[in-house]
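Report on the following structure.
Per-chain numbering from 1; labels A, B, C, D and E assigned in written order.
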Amino acid sequence: MGVESDDTATRGPLGRLAAALHGPNTMGNSRRFWYLFGVVVLLFVFFPLYMLPSAVTNMSQYLSLVLLALSLAVVWGYTGVLSFGQVAFFGVAGYTYGIVAINVTGPLGTIAGLVVAVGIAALFAAILGYFMFYGGVSDVYVTILTLVVVLVLKTFLDQTAGDEWTIGEAALGGFNGMPGIPDLALGIGEPFLVFNDTVLFYAALLAVLVTYLGLRALLNSDYGRVMVAVREDEDRTEMLGYDVKRVKLTVFTFGGALAGLSGVLYVTYFNYISPSELSLTAASLPVIWVAVGGRKTLLGPIVATIFIERLGLFLSVNVGDWAFVINGLLLLVIVLLLPEGLLPGLRDLVSWIGDRRGDSDTDDTTDPTGEVIE
Amino acid sequence: MAIGLDLLVQFFPNFASIVLAATGLAIIFGIMGVINLAHGEFIMVGAFSTSLAYNGGIPFLPIDALPGLSRLIGAMLFAALVTALFGLLVERTIISGAVPNWISERTLGRPVVTPLYDRLLDSMVATWGLSLIMVQTFRNVFGNSLSGVPIPFGELSYGNSSIGLYQVLLAGVAAFVLIALYLVFVRTDYGMRARATIQNESMAQSLGVNTERTYMATFALGSGLAGLTGALYTPLLSIEPGLGSVFLVDAFVAVVVGGSSVVVGTLLSGGLLGIVDTLFSNVYGTFAGRIALLIVAIVLIRFIPQGLSSLVERLRERRLEVD
Amino acid sequence: ALTGSGSSDTIKLGILEDQSGNFALVGSPKHKASLLAIEEINNNGGINGQQIEYFDPDPQSNNQRYLELTRRMINQRNVDALWAGYSSATRETIREPAIDPNDQLYFYTTQYEGGVCDKNVFAVGPTARQQLGIVLPYLVEEYGSDIYTIAADYNFGQLSADWVKVLADENDANVIGEEFIPLSNSEFSSTISRIQDADPDFVMSMLVGSNHTSFYKQKASAGLDIPIGTSTAMAQGYEHLRLDPPAMSNIYAGVNYMEEVPTNRNTKEGGFVDRYYEKFPDAPYLNEEAENNYFSIYMYKRAVEQAGTTDQEEVKAALESGITYPAPEAPDGEEIKLVPETHHVNHHMWVMRADEEHNVEAVDDRVIDETFLKDTVGCDLTSKDEETQYTPQDYYEEAG
Amino acid sequence: MLELDGVRAGYDSTPILRNVDLSVEEGEIVGVMGKNGVGKTTLVRTVMGLVEPNEGTVRFDGRDVTETPPHERARSGMGYIPQGREIFPDLTVEQNLRMGESINESSSDLLYEDVFDYFPILDERRDQNGGTMSGGQQQMLAIARALVANPDLLLLDEPSEGIQPSIVQQISEDMRAINEDLGTTILFVEQNLSVIRDMADRCYAMERGTIVDELGATDLEDEETIASYLAV
Amino acid sequence: MSDTADGMDPAVKQTSAELATGVDTDTILQTEGLTKRFGGLTAIDDVDFGVEAGELRCLIGPNGAGKSTLLNLVTGALSPSEGEVYFEGHEITGLDPHERIRHGLSIKFQVPSVYEDLTVRENVRLPIQRLAAGSERDERMADALSASGLSAKADVTASALSHGEQQQLEIGMAASLDPDLLLLDEPVAGLSVDERTEIADRITQLNAERDIAFVVIEHDTDFVAEIADHITVLHQGETFREGSIEEIEADPEVQRIYLGGETDA
């Protein structure tokens, strides 16, 4: 898009970094936010010290799903393209990683798997995006079309149990899925770092942190503002000289890659993938995380993903029969009472209460002929 | 010839299931801008109500005492009514937020819920929550399955094959539902007012439309149709809380492929998708039928994003041009 | 292998069975029968004097939840043995990332396609080969040699269909038609018409799940009146009780157990069925997998008693010593045997037939050994630790 | 016919109307003028019931309608032509007009002939979707929609906006004719000097959410006076 | 950012060469045989409409004459049934709207179209960030804000602006694209008298100082009289008259179809 960098040369590198991370498109622009952010990051960094191993590995799973949520936040929340198909890229990357890593043994195979998987997910998104956006498909039609793509993939994968669906050493495995997917590893020949347990946790944490900060920078950059402009009004944006279709395609492709990365981390957590990652339920989860957290934010989907997933576990352990009911009620209540999402809703609630306190003074003293109207 | 006859006969149940799955969803989606992900569960309510009523599970309502076919028809009509009322309840509490707002206005002094009308995505999340609640509540209350209802009417033989006559008759019911809806929309102003309401609610009010009642009626009608679908399929299905999920995807695809006009759109998409499904299932097997149906849907959405009913409109315009 | 927490005087079992979600219909009898076994054992003095403590969170038919809960069972609850999951997909979800790295003793009790050869896994349900191996020869004998196979279009169905072919060969029968149905399909008129066109002597049905249940109703209403052999219907989801007659009329199930299996241990007063309904009066059915959970908990008890410890390696060794148990499926005087080499069970198999009124009676029964792993692929966990699942591809490679 | 007494109203917590008193006699044509943003539209919307007053009363036809929802006001005879047209974009022109039929339940005559007489383009374009009509055509449609059912009180919010000069003149004349022939009471908001002068019997001037002046017939002769209320 | 890339397209070159020989080089916009049909209705009928560089043209005509349609064909929001559009010597008929904008076109729509949920500053930033960076960008944003009279409301969301302020904002956004030709569809509809004057001043100023050519659609004849160099009257999709304000106002046919018996004083 040929956009120039911001005018921040005078503020030094730190100032430039701060400027890059701040802007109207993300929540949390105050100093207090960054202190809190630091504290939370530290809590996560030391998580393995005070939590059980199972909690740590479960957390790595939530963190890899956070990337999936973020991919939808970027595509839907910031660019206005509601894809119901993020799990398609997630799943395709998962399977691709499995196929490559099973066939090419050793750490290099896993790294190649990662690269190829993310690349294939991005390519798939690019092709699908081109098919849709350059064909004039928009709004809810994108939503349904992407959903149908997911269902086609699932229907197809469900019946790949036969031997004809074996690629090299890797059998797609149909409904039962593809087991034996190796952990990501670094090294040549012998791995010197294997991404499992705590290592996987830190890798996922790092990925989330980098993605979050990177997305903040992206969304507050010129390009991010164009994305938001596309969300707000496609025609107006086109008439300001921006190539709206290309922006949507680029973001959709990027979202596909991010969902793909999420898929790779997720399958290395399971060492296994199956078509149930492409079910209607699975496809709707990212939408729910993002909608519940607040789609026009990055933090919202992060918090909501971890919260909802962890809550599900809590309920299945402690509640039993009525867990789904409580889960459903919670979704309902959040959507009805906080339509902008959990985090923006809480923020507005806090400021509303603040206003009410402040207001109650001014209300009483407003002069009926006072300058209320601008 | 035999193959042709076979395809024709097989087409009827496919057409019926797509149309019946879609109409209720189409009305609620097309007129209220609400995507009801709990649509399958509304169908399930219809099926459960039918099974309970038919088997004498409803206190004070001796439908099971009716003789013969009237017992089944009574149970089905009862189920459609129950689902419509249930829809009304959902509309008042969740979709419009009227009940929570009534409470909050008396306690907090302000409404807390913005109606979900024309908020496609929020309505999706909310009804997804509703569907979780409904499935598990039914499971907890009624158990994992209910006893079924026999399939009436016996078989229809053709060539050296046969099919349940009931499944063929369902296509007739589907056609009847479409005609009835057509009459409701064409003969009364209801359809026009409902569409006006979603396009501009406050203007519709200013022209004398009781928009609240329009929404309630629309949601109840859509729910009632879902209930009817559940009722009609009770004899054919195993009655479990999750049974609605089979219908959901086909319903969605049919609605989107059909386009904005509920009756014409559903008719065309039911017809086309039914043909595709029948053809591919028969020639290449059930898997091929399924995949072909989905792929045709993708291609149609891509090339006719306004839906099949827009083709009819274009034809109509073409005619105007000639005039 | 265990670092027991404060209460190491109890034996801890993890019971992960679906109480809600898609598989609740088949999962909740598994859950209930497990509790019954545990209660009986505790009431009779426990195992080696130790009471059983159990953890039974609800995995909600969700594989992701299964993995989380399995890890929690292993890390947090330090369970001595784990029963978990209905579908093979669930088993595969937890096997590699959680069961094997922790060498967790794990019982998988569902009837399944077969082939798991894993030192930590005791797959004690019947395999497709065992189930089809009793019902298919019976039907060939009774009705003739032309078979039409319909099966769910996924691993279990496809592999079962392969076993039908293998067994048809062995019994001089032929598969004249074969059709796979996606799990989401519930419309069967074209399938029914194809069966009528093919005109087989009987149908083998390996349809799975509630959508596929519609097949039986629809074939009845279409007037398709043909014997059907199955490994899936009736014993798990009690279709003969849920569907109106005559949907299941003339259906023959090859099973190791169902509520109606006529052994004294099962149906005699005070037998398994009575004890189950006494504890769970509202339970709808006592299914095949429920019995598998039940007897395998007792087998575990015997193994611990034999090993004199709950140390998992020693218990596995004890289980590999040829443990047997007088399970409800077996007639008086007979015990079913856990095969040391394969961790599978040589079940007493039954052919159960439903009539027009859906009354179920046994028409044939005998012990059928699990031969595929042991004889064909040579799985021997007593001499070689493995963590593999073999498929019929291996059968064809090994057996030609 | 219409009487507002001490009305305060606004959006959410922003107060807009402050202490508005206003009355329109049966058969009168009354204008409201004022600069952009003073609250004219809010006033009309309050009369229609689309904005709920926090204080004060609205009386219509002798009845207190303060709590009455808009659709009942419409049925009891209020016809509303909003600022910005608010045509139903996906209904045809004919359907848009039919939507107006439920106004004024008490009168059974429908004035399609008169309406098509004023705006023949609407007759020609019966089957075109409202949303694809040109800006001015939509404005005509909005006026026609409120007129078909012969309302007792017509509320017009800047009816001349976007309409070609010749038709603007014509509208003023038509409104007067409707007023005389059918006895329709009219309350209208305008920016256009000549429309105010041509149509109004009487006119209120608004500033910052409240009525600051009332101009009688003689004041309205004088364009300077009008202009002074419309300009700074 | 710039449109140099188009120079490489031989087809375009050829066309512009052809054009250069036949047509006045000062013409920045020219339509040839432009026609748009909606179903049976011909909204634009074989129109050859030309605008000179630096000109301030008004486009008037009865409701439904096709004025907005013509602008939409020029910007590419609609595609023509027949005919071509040339801009600064290049044929732009098949281009996407954003490509045309990059050639130096700009538009303010009939219905106000600003980003309602964004602040005024973000609104203004969007056109400018594509063209300028660094301190130049800041300056141009500040200029655009003050020229629109919105400096004080820079951090207000656009939905909270009055109708007139939104019009000002949209004109400001369109103007900050540095266009050679700015198309305005009813810029003063619904505005009060003083706001009309402000916008008239703004237009004449942009025209004089930045040498931007204008096509302005408006029904307010006083306003048209105040700003227009030259007027085109469109009627039933065809160019009906062209001329100066005096000529047009005096034309009895224009009075009949458009202005009415007597024009406003």
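Methods note: contacts are C-beta pairs under 8 Å (C-beta built on N, C-alpha and C of every residue); 3 or more make two chains touch, one makes a residue touch a chain.
From a predicted model like this one, the values you see are computed outputs, not experimental measurements.
Listing every chain that touches chain B and chain E alike gives A, D. Chain centres computed from CA atoms place C at the largest separation from chain D.
Looking at which of B-C and D-E shares more C-beta pairs in contact, the answer is the pair B-C.
The greatest centre-to-centre distance from chain E, using averaged C-alpha positions, is reached by C.
Distance between chain D and chain E, defined via averaged C-alpha coordinates, is recorded as 31 Å.
Computed from the mean C-alpha positions, the centre of chain A lies at a distance of 39 Å from the centre of chain C. Centroid to centroid, with C-alpha atoms defining each point, chain A and chain D lie 50 Å apart.
Annotation for chain D: residues touching 2 or more other chains are 37. Across the assembly, chain E contributes no residue that touches 2 or more other chains. Looking at chain C, residues 20, 153, 180, 182, 184 sit in touch with two or more other chains.
On the chain C side of its complex with chain B, the touching residues are 20, 22, 24-25, 28, 153, 179-182, 184-187, 189-194, 196-197, 199, 210-211, 213-214, 217-218, 220-224, 239, 241-244, 284. Interface residues of chain E, counted against chain D in their complex, comprise 38, 41, 61-65, 67-69, 110-111, 162-164, 186, 189-195, 219, 221, 255, 257-264. Note for the complex: chain B touches chain D at residues 189, 192-193, 195-196, 199-200, 202-211, 260, 320. Taken in their complex, chain B has these residues touching chain A: 35, 37, 94, 97, 100, 112-114, 116, 119-122, 124-126, 128-137, 139-140, 245, 248-249, 252-253, 256, 287, 290-291, 294-295, 297-298, 301-303, 305.
By the touch criterion given at the top, residues 19-21, 57-60, 63-65, 67-69, 71-72, 74-76, 87-89, 92-93, 95-97, 153-156, 158-159, 180, 182-184, 389, 391, 393 of chain C touch chain A in their complex.
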